[in-house]
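Heads up, the next two complexes both have chain A, just with different partners, chain B and then chain C.
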Partner chain A sequence: MSEQLLVVRDLATTFHTPSGPLRAVGGVSFDLGQNETLGIVGESGSGKTVLSRTIMGLQPRTNVEVTGSVLVNGFEVVGASERDKRAIWGLQVAMVFQDPMTSLNPVMRVGKQIDEILRVRLGLDRRAARDRAIELLELVGIPSPAERYDVYPGELSGGMRQRVVIATALAGSPQLLLADEPTTGLDVTIQAQILNLLDRLKERLHMSVVLVTHDLGVVATRSSRIIVMYAGRIVEIGSTRDVFARHRMPYTRALLEGSPKISNPSHTRLKAIPGRPPNLADLPGGCAFAPRCSFATDRCREERPELEPAGEVGHAFACWHPLPLVQKVLA
Partner chain B sequence: MSDTAPLLRVRDLTVTYGTHRRKLSAVAGVSFEIREGETLGLVGESGCGKSTTGRALMRIVEPSAGSIELEGTELTTTTGKELRQLRTRMQMIFQDPISSLNPRRRVRDIVAEPLDCWRRAEGVERTTIVNNLLGKVGIDPDVYGDRYPRQFSGGQCQRISIARSLAMRPKLLICDEMVSALDVSVQAQILNLLEDLKAEYGLTLLFIAHDLAVVKNVSDRVAVMYLGKICEIGPADTLYESPEHPYTSFLLGAALEADPDSPVRGEVLAGEPPSPLRPPSGCRFRTRCPNATAKCANEEPPLVEVAPAHSVACHYPLSTLARR
Partner chain C sequence: MSSSLYVSEAVEEATQHARIEKKRLGVLFWICVGWLGLNLFGAIFANVLPLPNPLYQNYAAVNVGPSLHHLLGTDDLGRDIFSRIVYGSRVSIEVSLGSMLIGFGIGAPLGMLAAYRRGKFDATLSATMYCFLAFPAIIATIAVLSFWTPRSLIKIIIVVGIAAIPLVYRVMRSATLAYSTRDFVLAAKVQGASDSRILLKELLPNIAPIGVSFLLIGIATVVTLEGALAFLGLSVSPPTPSWGNMINESLAILQQNPWLAIFPSLAMCLFLLCLNFIGDRLRSHYDVSEVKL
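Up next, the complex of A and B:
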């Protein structure tokens, strides 16, 4: 097995709120190899964003407790000082956030925002930084990059802004790119452009990508492995094919079958599950999905299932009553 | 089917924003009909004018030209009390379920508001109607009736919005991105609920959304908008299976299916929609269209029927292109 770029072990992030501790992420373990794309899927409140921020080492300074371990290329992120983390931020791991407008400085020319990293972190001089920034703008597919260097984020469309954010993230040539809902809020044709861009960049720059999204469609064809999260925990993990075709956790099925599909005729009845994602501050004992699950028994309500390996390599699920394996013929 | 008069008939609807100097036609001559009991889906990317079209029908924004007929009554020239009266026959549900409910009012009063405005029901009758409506959308009136919107999740607030919209027993429901803000598992519940209520209340729907899969799921017919104009309209299944307009085809190609075996289209639509302040001459899509010719720049393609009930505004519909 090749060297793992990212090793996460038993990671938990707990926020101390006035109404008590809120465990946003709990007991999360996974590995990510070189040049691999991992999709993390979940609904709002599933902990996917907190997980990606915790991997990055971005948490508020107070009222938060992180336990477990996150090794990025051998560097332990959990417990590291901000000063130490700066050594990997941008250079080994970078992040692309959902909203490109708020992750750019609105009163700074876009080129300068890319320059900043190049000059401060890589020690390039003004001239070289400018040239490199224009190269990066070109790399992410911004037309006439030399002119766009001088515009402000507000003068760009949402898709173009997200390209600038990606260029900024790539400036330090990181090996790991965390993309948190990078295409949410963008139109479908623009979304396709950005996802294709990320794919191309990953190959070209030999990066690994963690793609965090609520949309199974985004990860279906872009990632080799998928993690499904619910209430802060991994409920199913496996290769994309296993998760789609041989999923065992009822929640994974609910996610897959609950969303309308273009290939289905109109007026196809959706297989909806009742209820909504749970409140993390008030989690039920046992399996967090039990209140919405049609297979739930007393055991589910009392005892939390741990991740159990399924038949396939790297495929695991957390459920007391896993779905029977239906052989779906894959082309 | 075609011999019955449509419930809603829209002709050359135009909505122009801005002053005389900088005019922006968000909707630039849109025509369609919706028959009673039908669901028309309206899809397109942001800025294509789909929401403005919905709002213009309700006269939330004023149309600058064109006509809107609801059950034979012209809406664009009506004013005052008459307009208010007409509006009870059509209701709108918005994207953000939380901000479309008054945070300082109890749920049962929010649902009763239309009844109170029109003094349709009082006392026991009012309570019965409200309880019934809340029950229909899956909110237990005895437990939740006295709560405030902030005590509900997005999905529940959208249920309350639906209950309120049904209070006047409208004929037409305009849903503007009503499930876009909801989680996948909640979205399915709301879409199923909408289908059930549509059947029960005999509703006619205009369903506006950007999500192609969601639109197909609820619609009988679908209209695709680009830069203020309808570029294709047709039966949902036909339009998705064999799109005639290159834009529809690109849009469908860019949509992501939750299926690892779905083909990844290498060919994605390049560029971004041009500014509606300066729309291209002729066909509005020509600047991004791989099939565009000089004719496309000079002549605006009219919306013509290529198959029964399936119309496309393109000089070179894809089926004719394939034949050549």
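Up next, the complex of A and C:
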């Protein structure tokens, strides 16, 4: 267990809203080893962003309750003071945010935004920090990095900005990088570039990456393991191969059917999942997916299934009526 | 072929034009800056400039109109109006800058801190500030100044400055609030930046343009307020000139010598106009930081 970089146990995040408690993340447990990529997949509102922020220890100062445990390299994030978390932020764990348009300070030169951590946290002097920042800009594939050091974010395209965001995240050489939908705000053509960049950097810098996305296609080839989330809980977890080929949870299948496949004939209609994600403040008693599931029975509506190990190592699912195993061709 | 060439030329010209336009603040802006600079210069160097003594009463030339000898004429006591306006600007400028220093010095940090920290700190502070705001500032100012005698410039500055704190607080708090929940603040935070660093380096540069335009509007408001106080006889006591008490004194003899009312009013009016114009221009100039892509 000690070689695990990230250990999450029974993590739950509850927001106390005027209309009652809202359990955005409910009892999530998983591990992440060194140099591994974990994909967290789910619809909007499935709690994946809250989960990633809770792992970082980033939550509003008030009206939120976090229970369980998050160990980053042995450091307990849950319950730690901001002052203590600052010690690991940037240096051991860093985060890439969803929207590169808002995650850079619009009135600060991009180089200065990378400098920040180098000078304040690593104690580099002005010159060394500048050199290192330019090096980082080059590392993330920004052409003529020395000139780009002095531009404002507004002068860069979305893809370039996301590269700068990644460079800022890498500045403190973190071992764990959380990427919260890093490509959602970008053009499709740029998305692949950014994902490949993350992949390359992960190999080169021996990082572990948590890739949060709503797009199974994004994690298919890049992650070693996948967590499928629904209504704040893990409904299926397993190696990428198992989740794609031997998934047992109907929701996972619905997600897979909702994304385009190259093997389908052209103009095949994608299957949308009927209904809407449940209101987290008012979850049904049983399986949260039951109201939208075509296999649901009375048992599903009354009793919530726990994660059950499937046949394969590390593969588990939460369903009373798991799909039968069919030998399927990998997507 | 020729048409495409024409188009590309037009496009190039347009972009070049846009580039120039983006940088320019306009001639009027610089005229306004110049005028304010002149006012400031006059106020600072009034002693050194070749101006007649603003308090010297020349009974040989009472109520004369503008002439070469008295640029803007004299008042009913034979004092030079031009000189009195220049000396009078001292009061206006000192009161406005001094009180804004107090208002911003206390209101701005509190507003930023409240918006950044939120929670109980913000709730308590905001409630207190809104209580102050609920009380009409001008009446409070008049009430305090009526009883706090003898009146002096510094007392006026303190009273007006304190009255400005909740206003500055409110503006700076809401400006900070608009930025403090942005991802770049979170990003800086997870880089390990301290709170003071985030406030000063990340947030302050973003809200500075709003602060500056509010400062200019604030100065304009205080100049008017000083005028109003002087008009009620609550500003510096005569014979020290201020724009407000010059207008006040002129009322009695408005029929004989209208210049006496016109010139100080004009001085105040131009001063305010320039301030407001600069504030407005700056705001729209710096507002583009996000929309330009």
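General observations
One rule holds in what follows: the second predicted complex is superposed on the first by the 318 of 331 C-alpha atoms of A that agree within 3 Å, B and C clash if a C-alpha of one lies under 4 Å from a C-alpha of the other, contacts with A are read in each partner's own complex, and residues count from 1 in each chain.
Everything below uses one rule, namely that a residue touches a chain if its C-beta (ideal position, glycine included) is under 8 Å from a C-beta of that chain, and two chains touch if they have at least 3 such contacts.
Just so it is clear, the structure is predicted and the values come from calculations on it, not from any experiment.
Look at A:64: by the touch rule set out above, it reaches neither chain B nor chain C.
Measured by the number of chain A residues touched, the leading partner among chain B and chain C is B. In the superposed model, A:122 makes contact with neither chain B nor chain C.
With both structures placed on the common chain, the touch criterion links A:205 to neither chain B nor chain C. In the superposition on chain A, contact is made by A:102 with chain C only, not with chain B.
In the superposition on chain A, A:283 contacts neither chain B nor chain C.
In the superposition on chain A, contact is made by A:165 with chain C only, not with chain B. Of the two partner chains, neither chain B nor chain C is touched by A:151. Across the two superposed structures, the residue set of chain A contacted by chain B and also by chain C is empty.
Partner chain C is touched in their complex by these residues of chain A: 56, 58, 60-62, 86-87, 89-91, 93-95, 97-99, 102-108, 113, 116-117, 120-121, 152, 154, 165, 168, 171-172. Here chain B touches chain A in the complex through residues 45-46, 153, 155-156, 183-189, 191-192, 195, 210-214, 216-220, 236-237, 240, 250-262, 264-266, 268-270, 272, going by the rule given at the top. By the touch criterion given at the top, residues 43-44, 157, 159-160, 187-193, 195-196, 214-218, 220-221, 240-241, 244-245, 254-256, 258-274, 276-277, 292, 330-331 of chain A touch chain B in their complex. On chain C, the positions that touch chain A within their shared complex are 117-119, 182-184, 186-194, 197, 201-202, 205-206, 289-290, 292-293.
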